[in-house]
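Two complexes, one shared chain (chain A), two partners (chain B, chain C).
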Partner chain A sequence: MNARSGLSYKNKSVLGHRVRILAGIVVSIVFLFPIYWMVLTSFKQQVDIFTNPPRFLFTPTIATYVEYMKRADILARIVNTIIVASSSALFSMVVGTMAGYALARIRLKGAQTVGLLILLSRGVPPIALAVPMFLVARKLGLTDKHITLILAYSTFLIPYVMWLMRSFFLSLPKELEESAMIDGCSRYGAFFKIILPISLPGLLSTLIFSMILAWEELLFALVLTNRHASTIPVAIAGIAGDSVNGANWGALTAVGTITVVPVVVFALLVQKWLIKGLADGATKG
Partner chain B sequence: MAVTKVSDGAVPDGLGRARSGIGRKSADLVARWSFLMPSIVVLTVMLAYPIYYTIEISFASFDLSTFSAGEWVGWANYEEAIGDYRFWDSLKVTLVYLVIALPLQVTLGFGIAFLINAEWWGRSALRALFIIPMVVAPVVAGGMWRMILDPLWGVMNYWLGLVGIGPLDWFGDPTLAMAAVIMIDTWRWTPFIVLIATAALLALPKDVFEAAKIDGANWWSTLWSVALPLLVPIIAATFVIRWLGAVKMFDIVLAATYGGPGKATSVVNLFIYEEAFRSLRFAESAAMAVIVLALTMILTGFFLYGSRKLEELF
Partner chain C sequence: MGTVQIREVRKSYGAVQVLHGVSIDIKDGEFVALVGPSGCGKSTLLRMIAGLEDISGGDIVIGGRVVNDVAPKDRDIAMVFQNYALYPHKNVRDNMSFALQQRRVPKPEIVTRVDNAARILGLEPLLDRKPRQLSGGQRQRVAMGRAIVRDPDVFLFDEPLSNLDAKLRVQMRSELKELHQRLGTTTIYVTHDQIEAMTLADRVVVMNGGVIEQEGPPLELYDKPASLFVAAFIGSPPMNFLQGEIVDGNCLMLADGTRLLLPCADPKERSRVTVGVRPEHFSIAETGWPATVSIVEPTGLETQITARLAGQLIRVLVRGRTAFAPGASIHLVVAPGDVHFFDAAPVPELALNDPS
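Up next, the complex of A and B:
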C-alpha cells in the first residue's frame, strides 16, 4: 500500500488486509443469516418448514401472512404499537431534550444531583416498576390503555433522550446562545430559534432510537395491557411461548418479519445519523 | 460583547444572568428551572413513586381481595425472599449470564469493528448492515433463534451435523440452554458495540500508529501498548452502557427458553415476573425487586465511578 515500504513487507501487508476484508465479510454474513432465515421461513408452506435438510429453495407463498392477518388481532396490534411508539417517543423527546439542555447549558443549583439521579435511573430494572405500575393502573382503571403504556415508556425514554441530547448540546459552541441572548433573545428564544434548528441531526437520531426502543418493548406491554392496547411484541412472545401447540413457526416468522422489516428499512434510510448519534452518545457521555 | 457590557452593566457570563432587579432575577430562575421541571415531574410520578410503592409493598402483606398493600409486616417478605433458594438460583443464573456475556460482547464488538473497518469499497455497506441485528426486537430475536436452534428441524443442528457434531439438545440441556441464551444475546447486542467501537477506532490518532510502525513495533505490541491504552476509556464506557442494558435481560429469555429447562436460564427479572404475575405473590416479589434494585444501583454506581477513574488514568 505504501509505495516506499519494502516489497516483502508490502506483500505481507496486502495479504493481511485481504484476510481482514474477507473475515469482515464472513462475520457480516454470520450476523445477517438469522434474519435472512426468518424472512425466508415466513414465505414457506408448512411442509417446507419442517424438513431435514432445511430447504433453501421452495415455492414461496404468502399464505401464512394472509391466514394470520385474518385470524388474529395483528392489525390492531400494529396500530397500537405505532400509536404507543410514536407518542411516547415524541413526548419523551420534548421533555427529555429540555432537560438535556438544562443539564448541558444552564447553571442550576442541584441540577448535577438531579442529572446523576436520572442517569442512575437508567439502571433501574423495569420489573421493579412493572409491579407497582400494574397495581396502581389496576386501581385507577388505567390498565389496557394507550396512555398508560406511553407514560410507562417515558420512564426509560426520558433518561435516554436526556443523556443523548445533553452530550449533543455539550458539543455545540457556547457562543451560539451567548450572542443570541445578548441580542435580546430570551432563554426560550435562544433554545427554540438557535439551538434546536442546528441540533436537528442529533434530535432525529435520538427520536428514531427512542421510537425503536418503544416499538420493541415487551415487559410493560405484557403487564399493563391485555386486549385493546396490546402491542406486537406481546403477540410474538405469545406465539413463541405457546407450549400447548408448540411454536407456530410460520406465524412466528411472519409476525417477526412484519415487526422487523419496517424498522430495518427505516434504520438503513437514516443510518448516517444513527451511527453518528450512537457514537456521540457513547463517546461524549 | 464589549458593547453590551457598557450599555447595561450586566455581566454576561455566557448564561445570560442579568443582575438587574429581584423581579428579573426570579423570573430568570423560573425560566431556567422550567427546562428541567417537566422531566422531574414526569419521572417523580412515573419512576420515583412506583419505586416508593414497591418498597411500601415489600414491607407489607398483600391483600389480594382489595389488590393493595395490607398491614405492615416488617422484614418478613425480605426474610422469605432471602430464604427462597429459587431466588438465589435466579441471581446465580443472572450472574453467570452477565459474567460471560458482557466481556464476550465487548471483546467481539471491538474485534469485529477492527475487521469491518478495513479500507475497501464495501466498507460503508458492511457498517450499515451491522445496524440490522441491532434493531431487531429482542423478543423476535429470541423467537427466531429458537427456530434456528430447534433440536429436530433447526438449521444450526443440521450444519453441526455436517461437521459431525450433535445433534445438540439446545433447550433440553441446562448448560447448552445457557449457551444458547448468551449466543442470542451476543448476536443481538454485539452489533451495537461494533458501531460504538467503529467510531472509537476512527477517532484514534493516526500519527501514533505511523510512529509505532516506523519504530518497527509488531502488530501485537502496537495493539497492546498503543491502541489499547487509547481505547480504555471508550471500552469502559461501552461496558457501562452494555451493563445498563444487560441487567434488564428479559425478552430474549422469555421468547427463547422461558427460563427452562427447569430454571436453568431463569434470569432474576423473569423469576420476579413469574412470582408477581403468575403466582400473584406481589409482596414477596416486591421485596425481591427491591433487593435487585439495590444491587443494580450499587453496581451501576461502582461501574460509573470505575469508568470515570479509568478515564482519568489514561
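Up next, the complex of A and C:
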C-alpha cells in the first residue's frame, strides 16, 4: 500500500517534471523564433527573403552587413546608443538605488506618497511627455545632444530602479543595518559597507534591465535628437519606414541583429554575478 | 563602567503608548532579564537602550552618561539579535572583526581579540566559513563572538535562543551563563521564556502591557509573586488558581458551593479572593481537598497529574511515580506558606496554556 502510493507519487512528479520541460520549450520557441527569423533573414539575399513557402536553406550572404557597417551613420548611432544607454542606466542606478533604500528603510512622513507619485509618473504615456520635453530642450538649446537623452531616459529609469531596489531592500532583514550601526557605522556606512555588497545580484539584474530599456528606446530619441545624438532604434525605424523604397527587410534585420548583439554580450558577461541567494545565511534558516 | 539606569522611560508610536514610564537600575556586572508576553514592550525597551528606537520620554543612562541622543555606535554596547544578523558576505573572522575595524583598532590586536573570542566559543575551525555554511547553533555562537570581541560596557540580547531547537537552547543557555560568569559584563537579556529568565538572570524584570509588574531575584518572584500576572507567568507548569469567597475565616467557598479548608487565612482579610497554589506544592494525602484524577503524565523524575476539583482542572506535580489511574479519587494537601492570595480577578490568559 505504502510502496504503491509512493510509486504513484513518484510517477506523478516525473510527469510534472516533463510537463514543465515541455512548457519551457514551447515558451522558448514563442520568444526565440522571431529573433531566429530576424537573424536568418539578415543573411539572406534579397530574392530569398520573400519566397513562399519561406526558405530555411539558402546561400548565406553578409553583403547587407558589409554595406550597412560601412555607413558612417550606423556606426555613429551605435556609439551614441552605447553612450546614452550606459550613462542613463548608471546615473539612474545611483539615484534610484539610494532613493529606493530611503523609501524602504527611513521612516519619513509622506515617504509612501512620494514613492507612489514617482511610480505614477510612469503611468503617463511617453508621447504626452515627448513634446513638452522637446520644447524645453529647444528653449535650452539642448536638442540633439547626448545629455538631453540621458536626462530624458532617467525620467523613466529612476522610478523603475527605485521600485525594484526598494523591494529588494525590503527583503533584507533590517537587523543587518542595525547590527552594523551598533558595530560602529553610520546609516551611510551601513548602507555602503553592508547593504550594497549584499545587494549585488539585485543591483546587476536591475542594471541589465535598465540598460535594455534605454537601449531600445525609440520615442524620445526620435523626438529629441536629429542627427548628432540619434540612436540605433531611430535608424531602424528609418529603414522600416522608408516611404520612397519601401521597407528594406534585409537591412532592417541586419541592423536589428547588430543592435541585439551588444545587449546579449553584456547580459552574458554579468550573468555569473547574478547568483541568487548571496544574502543566505544572514539570519536563521 | 557598565551601569545602566532607565528612568521613567516612555515610548509611543503616534497616539499609541507602548511603554508607560519604566524605571530599572542595573548595577555593573549584573545579568538582568526582561521577560513578558509578546507585545509587553520588552524588546522595544532593549532597542531603546541600544539606540535603535527614539525615546519618547525619560532618560537612559549608560555608564553615568545620558545617552538619549547618542548614536548606537557611540554607546559602547554590543547586541545579539534574535535572527543573528550576521553579515552574509563576510566570513566568520570578518564578521567578528568588523566592529573593531570600524573603531580603527590596530590589525594585530584585532587578530588577537578575534582568536581569543573564537577560542572561548569553540569557533576556531569555522573562522573561514561564510554564515550560510553554518548551522543555527554555530551562527548563534558567531553572533555572540561578534559581541564579545568588542569588550563593550553592556551586552544586549534580544531573544537570542528563540530560533534554536529545544536541546540546543538548553546547551546554549548554560554556555551563556558560563560566559557571563567568566566575563562579568553587564547584560540585559530579553526573552519571553520565563525558564530562560529564571535560570540565567541575577534579577528578573517581569513586564506586562508596557509597565513593570515586578522585579527581583528569580526565586523571590517564584516565592512571592506580587500580582496574579506574575504568579501566572513565573513557574512551569503554571500555578493553579481557584476563585471564591472566604467564609468562616479560612474556608474557601467556590462558585458551585464546594468548601475547601485553607491551611491559613488571607493576611489581607479580603472576602473574595483568588487563591493560587503551584502544582509542585500539592501533596497527596488521606484527607484534604477531594479531587478526581483525569490525566497522568509520567516523565520519570516526576509525574504530572491533571485532576478535577469541583469541576475545575488543576495540575499536580509529584516527585517520582504514582500508582493513581484516571478516575481515582485523591486528596490534596498544601502547606500554609505555599498558598498565595490575590484580589479576585480574571486569571490572565497565559496561565491557561503552558508557557514553555
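One rule holds in what follows: the second predicted complex is superposed on the first by the 232 of 285 C-alpha atoms of A that agree within 3 Å, B and C clash if a C-alpha of one lies under 4 Å from a C-alpha of the other, contacts with A are read in each partner's own complex, and residues count from 1 in each chain.
Here is the rule we go by: a residue touches a chain if its C-beta (ideal position, glycine included) is under 8 Å from a C-beta of that chain, and two chains touch if they have at least 3 such contacts.
On a predicted model such as this, the values are computed, not experimentally measured, just so you know.
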Give one of first, second, both or neither to describe whether A:Ile194 is in contact with chain B, with chain C, with both, or with none. second
Which of the two partners, first being chain B and second being chain C, lies in contact with A:Ala85: first, second, both, or neither? neither
Looking at the overlay, what does A:Ser186 touch: chain B (first), chain C (second), both, or neither? both
Let me test your reading of the model: by the given contact rule, A:Lys139 touches which partner, first (chain B), second (chain C), both or neither? first
Would you mind checking which one, chain B or chain C, touches more residues on chain A? B
Figure out whether A:Met211 sits in contact with chain B (first) or chain C (second), or with both, or with neither. neither
Answer with first, second, both or neither: which of chain B and chain C does A:Glu178 touch in the superposed model? both
Starting from the residues of chain A touching chain B, keep only those that also touch chain C in the other complex, and list them. 178, 181-182, 186, 278-280, 282-283, 285
Which bits of chain C are touching chain A when the two form their complex? 50-52, 71-73, 75, 77-79, 81, 83-89, 98-99, 102-103, 130-134, 136, 139, 146, 150, 163
Which positions of chain B touch chain A when the two form their complex? 1, 4, 12, 14-17, 28, 31-33, 35-36, 38-40, 42-43, 46-47, 49-51, 53-54, 57, 67-68, 112, 114-120, 122, 126-148, 152-155, 158, 187, 190-192, 195-196, 198-200, 203, 234, 237-238, 241, 243-244, 247-248, 250-251, 254-256, 258, 268-269, 272-273, 276-277, 282, 285-286, 289-290, 292-293, 296-297, 299-301, 304
Mind pulling up the chain A residues that touch chain C in the complex? 173, 175-176, 178-186, 189, 194, 197-198, 277-285
Using the touch definition up top, name the residues of chain A that touch chain B in the complex. 17, 20-21, 23-25, 27-28, 31-32, 34-35, 37-38, 41, 49-54, 94-96, 98-99, 101-103, 105-108, 111, 114, 118-136, 138-139, 151-152, 154-155, 158-159, 162, 174, 177-178, 181-182, 186-188, 190-191, 212, 215-216, 218-219, 223, 232-233, 236-237, 239-241, 243, 247, 249, 252-253, 256, 259-260, 263-264, 267-268, 271, 274-275, 278-280, 282-283, 285
